[in-house]
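What follows is a group of structures, each given as structure tokens.
Look for subunit A in each of the two complexes below; its partner is subunit B in the first and subunit C in the second.
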Partner chain A sequence: MKAYDETDLALSFQALGADYDVRVPILLSDGTRSLGRLEEGKMALAGGKLGAKPTSVFFPQMDLVFQQKGTNVRMQAPPSKPLMVVGLTAQDADCLAFLDRFFSTNFKDDLYRQKRMNSAVVVLSGKCGRDGEMLRLSSGNCDLELVFDGDRYLALAHSQTGKAMAEKMKGGLETDEISLGRLQRESKALPDDELKLLQRASSLLLDNKVPEDFWVDISNRCIACTACNLACPTCNCFDVFDWKCGDSCVNRYRLWDSCQLDGFMREASGHNPMGTEALRTRRRIHHKLAADVIRWGQMGCFLCGRCDEVCPTGIGIKAVSREMVEKYG
Partner chain B sequence: MKRVLTTCTYCGVGCGFYLVSNDEGQLVGVEASREHPVAQGQLCVKGWNAFQFVQHPDRLKQPLIRRNGQLSPAFWDESMKTIAGRLKEIQRKHGNDSIAFFASAKTSNEENYLMMKLARAVFKTNNVDHCARLCHASTVVGLAQMFGSGAMTNSISCVEQADCILVIGSNTTEQHPLIGSRIVKAVRKGAKLIVADNRKIRLARLAGLHIRHRNGTDVALLNSMMNVIIREGLENKEFIADRTEKYEEFRKVVEKYPPEKGASICGVTAEEIVQAARIYAQAKNAMIVYSMGITQHTHGVDNVRSCGNLAMLTGNYGRPGVGVNPLRGQNNVQGACDMGALPNVFSGYQAVTDAAIRQKFEKAWGVEGLPDTPGLAVTTALDAAAEGKLKALYIMGENPMMSDPDQNHVRKALENLEFLAVQDIFETPTTQLAHVVLPATSWAEKDGTFTSTERRVQRIRTAIEPVGESRPDWRILCDVAMLAGYGGMKYDSPKEILDEVASVTPSYGGITFERIGQFGLQWPCPNKEHAGTPILHVGKFTRGKGVFAAVDYRPSVELPDDEYPYVLSTGRIYFHYHTGTMTRRSKLLDREERFPFVEVNENDARRLKIRDRQWVCVSTRRGEVKAQARVADVVPPGVLFMPFHFEEGAANVLTINALDPEAKIPEFKVCAAAIRSTP
Partner chain C sequence: MSITVEKQADLKDPQEALYRPLLCKMVSVKELTPTEKLFRLERLDGRPFGHRPGQFVQVSIPGIGEAPISVSSSPSRGSYLELGVRRTGVLTGALHEMIQPGDVIGFRGPFGTYFDVDAMKGRDLILISGGCGLAPMRALIQYIEDHRDQYGKVTILYGAKSPIDILYKDELAQWVTSTQLNCQYTVDDVPEGTCWDANVGLITQLIPPLDIDPARSLAVIVGPPIMYRFVLQELKKKNLPINQIIVSLERYMKCGVGKCGHCTIEHLYCCMDGPVFWLNDVINLAGAL
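Here is the complex of A and B:
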């Protein structure tokens, strides 16, 4: 096993740039960390999860679906190089796996799959959270994992792609696995209160123990900003629209949508199965904690915490679950 | 991928975010700035979708000149020469004041400053104004007289420090969502919320007290609250004695408004007024938040004064969590005012009537004979055009056909002009009447600064290349000035323009691109060492002592009668913005509200046999429009509410061109209307 410092990693990512379009956490001008190319900003691996929806690399907010010129339809071309995404957390990798399954089951989403196919995902874990906070180690559902021990990043390959990447990495010191074992134990010892809370909330919903009044109260605090959906790594709803791009030329785009909007499910007749704010607020939480459990056998929330951070009024999924459990057990 | 930090182009809250563009230079999204002091990684639905309209195929991409009655594509050179030539010709023929200039709260500080300079230095007229005339002109007049500064006294962060928040005439969660959300959080933390608004807005659901007073009766309501405060000895005597003047005169007027009288004028109970007075006056830190419900009246200035009085009576100034906080509606309406795009002041509210100030600007601009009498406002300029007194109008980024009262009057006014030039990003009903139309760049295609409602001067930055042949407004204005024979408007960048602003504007004296940095500076910021001013009037008011204003209740101009039995009030809704040019070209926002609508109370609807979503006709003495009925209990019986965003059902066909005598702001919130089913 090899351990790398940040200089080694920057050189390694540069080298891997021969095979991949590499995206790493970079520091934007105001200190926000975001996914970008190495030349677009200072690399900032440590600092915890990225604020924006990490799965947007494969499923951007707005994306060209096809261009029609006369009778000729041209689909969006696949990326010239596969993507390599560094900086997902273990939770983010779980979210990506969830999204992969969604976009590949029944309805197969070509636009997503052509970006995701042959891509490489590198998870950051260990003591590289905000202020050195411990980040959970992944379950192995990524290609490569860089586990920070407070000094160096230990490289763990979880797939053939990961192994091939590790071989091309520059520098690094051979190290024993003692340090990794310690970090794995620390990761396992991380508190699971939030998971238990979410599971409890999920049970309450599955058992139908949350009355409508609760959702009316929550929805009174919702300003329909849609940020919970736009930040959520497992949210995958989109709408489509067409723009003229000249005479007999049309571009079709897709755009992130939100179940918190009245128009999301409104039918042409005007009928709306999600026609009240309370129903829409309920849907968001119910979908993640109950409907997904029934459909996929697992919750659609992996506790990344983004919806709680971006919600201007404090009704992200953790906050709502807490309130639900406090009120109904 | 490219991410550029900028400031939102919609409301006045001033959220910072990143515009995201792809390798092809197309905007593909918005990413929040987690570090921004106002946004803190959060945005409203318009913010999250603010990139959407920028590269819309409808963008104006080349200049247009009217030939044989039709607007046809033209070259920049010809278009600019036509504008400069026609303006000079009309100036020679009819005099300096035959021309007016409309600046814009959507454009940058630098561009507003230049429009003001173009009007005054080049064409020697004070006929320069912008759409603040339609929203917060009452605030600028009222608060400046009372305190010496016509802006929000506190900062947005103060909201969560208040113990009591009185929201009067502001639908805050919809119009200033990132301030509204702070009110929601403050209430969750125990702050008391009083909502005074007869619409059942979202905040009303969370309010401890919701007062649904009749439209236009705010002075009576506030005077009665103050009557109770004085009667019960809840006023702050020390503050009144130390920091204010003209209290006795004010007290005598307020004495005439016992709660029973207020209740009868306002259509509420005396108990509600007493309760509101006690909650507000007994709070340790009480904050007033207001907006168009206060300002858009023929007594708008009096409404503002009453808010100012209430806060002075209780000593709620000069510390966190208090103050009088007018929420400015547009991204840069504060800045457009600050830059002197107003008929009576240069930048920094320096009066055109002051000879020493004129001399200062004459020296700085290298001109002589700057005009010394206040010019025409947006509203009075259109009146003058309708009367044939105003001959030419140069509009930058405004759409008076949709935004100003009484559309038929506006059309007549604009059609009456000898020359109309408009620069904008989309075709609008106003550009359709122009002789020359210039394609301007949007905020995503240029550098500059916006000033938010909390007086925070922030950067906008170029994220993408200009669409088509569009040019930034500042460049266009400089070229017009040069073609009109003035050499004092040559700049390489907006940074240079802001440096000039700082040199002639005391409150912006220390504000430069470098110092603004990532998160801005709040004025007053008089010098390069000054850290900015989050809270005004600490220790003393800007003008020294605060002046109480003795104001009596005056009814609105056009009240319901047998023929027009309803009160019509107009305003904005959450998903759309002003004249709809941007939000109606944003997929999700337009999908949410596709049609013009009118809110009708369910009891009225039942009586009139009007169903929800049925098309109805709303009419006033000015005209008639079709809209979908929205039947609910949002408005009380006898009241109709219409948003003004929809060209196909323009609420401003209906509104009345009645103005506040001091602020010249129209009475958008009250006119008499009728409603009936469409055949």
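Here is the complex of A and C:
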């Protein structure tokens, strides 16, 4: 096993740029971090999870579906180089695995999959959270994991792609696995109160123990800003629209959509199965904690915490789950 | 209802051009009512559409967009596809106003589940539709007519708002006079001055007089959302079990392939797990009916 400092890693990512379109966490002028190319700013690996939806690399907010000129339809071309994304947390990688399955089951979504196929995902874990906070180690839903021990990043390959990447990395010092073992134990010892809370909320929903009044109460605090959906790494709803780009030329795009908007399910006839704020609020939580459990065998929330952080009125999924469990057990 | 879920995504198998519209030609356009037209389409490559009664296609007009439209013709009638379309939204408006015979438009599909014509074999069938619910039901009726010896008694009930709103008037008249079918229809209301000598009232009033053998009957319901609850109440009075009732549900859809999320009913995707459901699969789901 090798351990790398940030300089080694920057050189390594540059070298891997021969094979990949590399995206790393970049420090922005306001002090926040966002995924970008190495030349776009100062790489900032430490600092915890990225603020924006990390899965947007593969499922962008707006994505060209095709361009049609007359009867000639040209689909979006696949990326010239596969993507390599550095900086997801272990939870983000679990979210990505959830999306992988969603976009690959039954009908296979080529727009997503052509970006995801042959791509590489590098998770950051260990003591690289905000102010050195311990980030949970990955469950293996990535190609390469860089575990920060407070001094260097230990490189842990989880796939053949990850092994190949590790071989091409520059610098690094051989190290024993004692440090990794210590970090793994620390990761396992992290509190799981929030997971238990979410599981309890999920059970309440699956057992139909949450009355409609609860959703009316929560929805009265929702301003339908849709920030929760836009930040959530597993939210995958989209709208489709056409944009005229010249005579007989049309671009068709898909664009993230939000189940919190009144028009989300409204039909042309006027019928709206989610015609109240309460029904829409219920849908946002119920879909992640109950519907996804029935359909996919797992919750659609991996406790990344983004919706709770961006919600201006404090009704992110953790806050709602807490309130639900306090009221109904 | 069983849902197939892969344990892990396989990101290495071949891709499909899932959202690429194929091209078809508008063969004919026929006015059904002041707000509904019947469009007949044929694929440019001459191949059949491969649809089954109950399915829908995503109709695509460049610059306008896409919309899901139920297929209203049976594959047993030929390789063409007929769509009975009410003018309600942007795309259906464009279909009505802009598209002429000979024009080329796009389509994807057919998509969705279909009426289980095998499960219906040997059964007495009660086919209940309201408003433009007759569009997908017509595909099933045509299929049954073309395989009539495989089914028991066939009863068709249809309700429209008023005489002017009645769809497929010529075929309806044939079904009424057919010795192979028991077809009745009604209108909710008759405007003053309209000549009308048939039933007036809600479709639910056509059910009580029916002689239904619950042991051998199967009902199919397609109509506006408000209709289901009241029709189901009447069928319950006839002791028809819910596992012998099929419903077709209407939802807003953007993709037709279970990705965009607009048509979810709890854990189900109406476009992919439906639009045709066995009633017992959806009756307890919030917002389904």
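The rule is short, and it goes like this: the second predicted complex is superposed on the first by the 329 of 329 C-alpha atoms of A that agree within 3 Å, B and C clash if a C-alpha of one lies under 4 Å from a C-alpha of the other, contacts with A are read in each partner's own complex, and residues count from 1 in each chain.
By definition in this document, a contact is a pair of C-beta atoms (placed from the backbone, for glycine too) under 8 Å apart; a residue touches a chain by one contact, two chains touch by 3 or more.
On a predicted model such as this, the values are computed, not experimentally measured, just so you know.
Could you check whether subunit B and subunit C clash or fit when both are placed on subunit A?
Aligned on subunit A, subunit C fits beside subunit B.
So, A:Phe241: does it touch subunit B (first), subunit C (second), both, or neither?
both
Taking the superposition on A as described, I'd like to know which of subunit B and subunit C A:Leu173 touches: first, second, both or neither.
neither
Figure out whether A:Asp257 sits in contact with subunit B (first) or subunit C (second), or with both, or with neither.
The answer is both, since A:Asp257 touches subunit B and subunit C.
Contact-wise, after the overlay, does A:Leu111 reach subunit B, subunit C, both or neither (first, second, both, neither)?
second
Thinking of the overlay built on chain A, is A:Asp63 touched by subunit B (first), by subunit C (second), by both, or by neither?
first
May I ask you to decide whether A:Ser29 touches subunit B, subunit C, both, or neither, giving the answer as first, second, both or neither?
first
Using C-alpha centres in the superposed arrangement, which angle lies between subunit B and subunit C as seen from subunit A, in steps of 10 degrees?
Value: 80 degrees, nearest 10.
Between subunit B and subunit C, which one contacts more residues of subunit A in the superposed model?
C
Subunit B and subunit C, closest CA-CA distance after overlay, in Å?
11
Just to be sure I follow: which residues of subunit A are touched by subunit B in one complex and then by subunit C in the other one?
Of subunit A, residues 239, 241, 244, 257 contact subunit B in one complex and subunit C in the other.
Taking the complex as given, what residues does subunit B use to touch subunit A?
For subunit B paired with subunit A, touching residues are 1-3, 5, 16, 18, 20, 22, 27-36, 41-45, 47-48, 51-52, 56-57, 173-174, 177-178, 180-182, 184-185, 188, 202, 205-206, 518-519, 574, 587-588, 591-592, 613.
Taking the complex as given, what residues does subunit C use to touch subunit A?
Those in contact with subunit A are residues 3-6, 8-13, 15-21, 23, 62-67, 88-89, 92, 104, 106, 224-225, 250-252, 254-255, 257-268, 272, 286-287.
Could you pull out which subunit A residues touch subunit C in their complex?
65-66, 68, 71, 73, 75, 97, 100-111, 113-114, 116-117, 236-242, 244, 248, 250, 252, 254, 257, 259, 264-269, 271, 273-274, 279, 282-283, 286-287, 290-292, 294-297
If you look only at subunit A, which of its residues touch subunit B in the complex?
Residues 23, 28-32, 34-37, 40, 51-52, 56, 60-63, 220-221, 223-227, 230, 239, 241, 243-245, 255, 257-258, 261-263, 270, 309-314.
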